[in-house]
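When the chains are written out, they are named A, B, C and D in that same order, and each has its own residue count from 1.
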């Protein structure tokens, strides 16, 4: 299917509005969903986050996930942006956007994308605080989340 | 809880970017989800859609739904905009935005809002084609969707 | 008692006006509906299938057997189709 | 055969470099890991718990018993934490 799937793996920040201009404009689009992930700092201790990535594999891995979502839910548009490098609290880490005929398809595809990006896209997060640096551990629940699809 | 919940029932179109400027900026926000509903025209026959609403009840009904979502998923921000009046294909009908600590909460709250707005917010859609006008019938599936919450 | 009645969507179209004020001694919504249906064929038509109707009392969804005591505004409409 | 090895996140930090080229006759990923572990303590440390490691062959996720025939790039890393 000729679903437009756009993917960007980048160090630069992105602007949701700019990225969404022209998104989901097919006449058969009835619903668009966006997800934006941000660097959270619950305790005030986080200085920055460092996101490492596997450049060669990243875009391919994301494209496979996005293509599957696009086909499975007959998306009319699909966008994934994921950043790497140093990010401070409050900064945007990544976003996905999905467009479909109905809301249930747009929501399901966006959640599917997030679940798979979480544990199948080659990124690794390290949190740097005054006390030191620590790699964010993958959660069992992230792996479990895949079983629902 | 002092969750900021913003609601607008309006005839005018809205700009997602403008509405989201300053949205979800609390330090404990890790995820934001937006949903936008658009006037779909699968067949090319739709001339316009007319959305009737119950002015006195609308905002209260939406606020109750949004407050419940905000409390249930500990939202850090919440926005609902719903338009009424005459809309042509491709136009935006409504949007919701949710901000939370984790993605699962932001997604669940957005889907909950949509499910409840669909059959508990006093709006009625009429589709006008060259052949005439028809009120959009509520679907059993919309009512059924509420049972999952 | 005096009630403000509001009609929306095809209920409004069948009755032919969006609102009216009635004097009634109906005790429940159902009683009120019976009174209205007895008035004119357009009400009979609008209220012919209660299963396809919803009612709000003072802007809160209610059941058709709900009492009207203290109520000021009664709205009749088909199932909502927001979102 | 010549293999390009890539290391990410704490695997990279334990081994002390992001990439290297090795000559090996290992038949599977597991054989390769055994060879590396025998080389130096830093490899022993990096590969001490395979359950906490993932491997990609030519940029596709694979199992540790996968054959290396025809492979050019092997990447080792902890479970991914994207999104």
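To be clear about the criterion, contacts are C-beta pairs under 8 Å (C-beta built on N, C-alpha and C of every residue); 3 or more make two chains touch, one makes a residue touch a chain.
Bear in mind that the values here come from a model prediction, so they are computed numbers and not experimental data.
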item	value
Each chain counted as touching chain B and chain C at once	none
Chain pair, most C-beta pairs within the contact cut-off	A-B
Approximate Å spacing (C-alpha centroids) for the pair chain A, chain D	26
Between chain A and chain B, centroid-to-centroid distance (C-alpha), Å	23
Geometric centre distance via CA averages, chain D-chain B, whole Å	48
For chain B, residues that touch 2 or more chains besides their own	37, 103, 114
Touching two or more other chains - residue numbers and ranges from chain D	83
Touch relationships between chains, expressed as pairs	A-B, A-D, B-C
Residue ranges of chain B touching chain C (in the complex, touch as defined)	37, 52, 54, 56-57, 60-61, 82, 93-94, 114, 117-126, 135-138, 142-143
Touching residues (chain side chain D, partner chain A) in the complex	6, 8-10, 12, 56, 59-61, 73, 75, 77-83
Complex contact set, residues of chain B against chain A	15-17, 20, 24-25, 27-42, 44, 89-90, 101, 103, 106-107, 110-111, 114
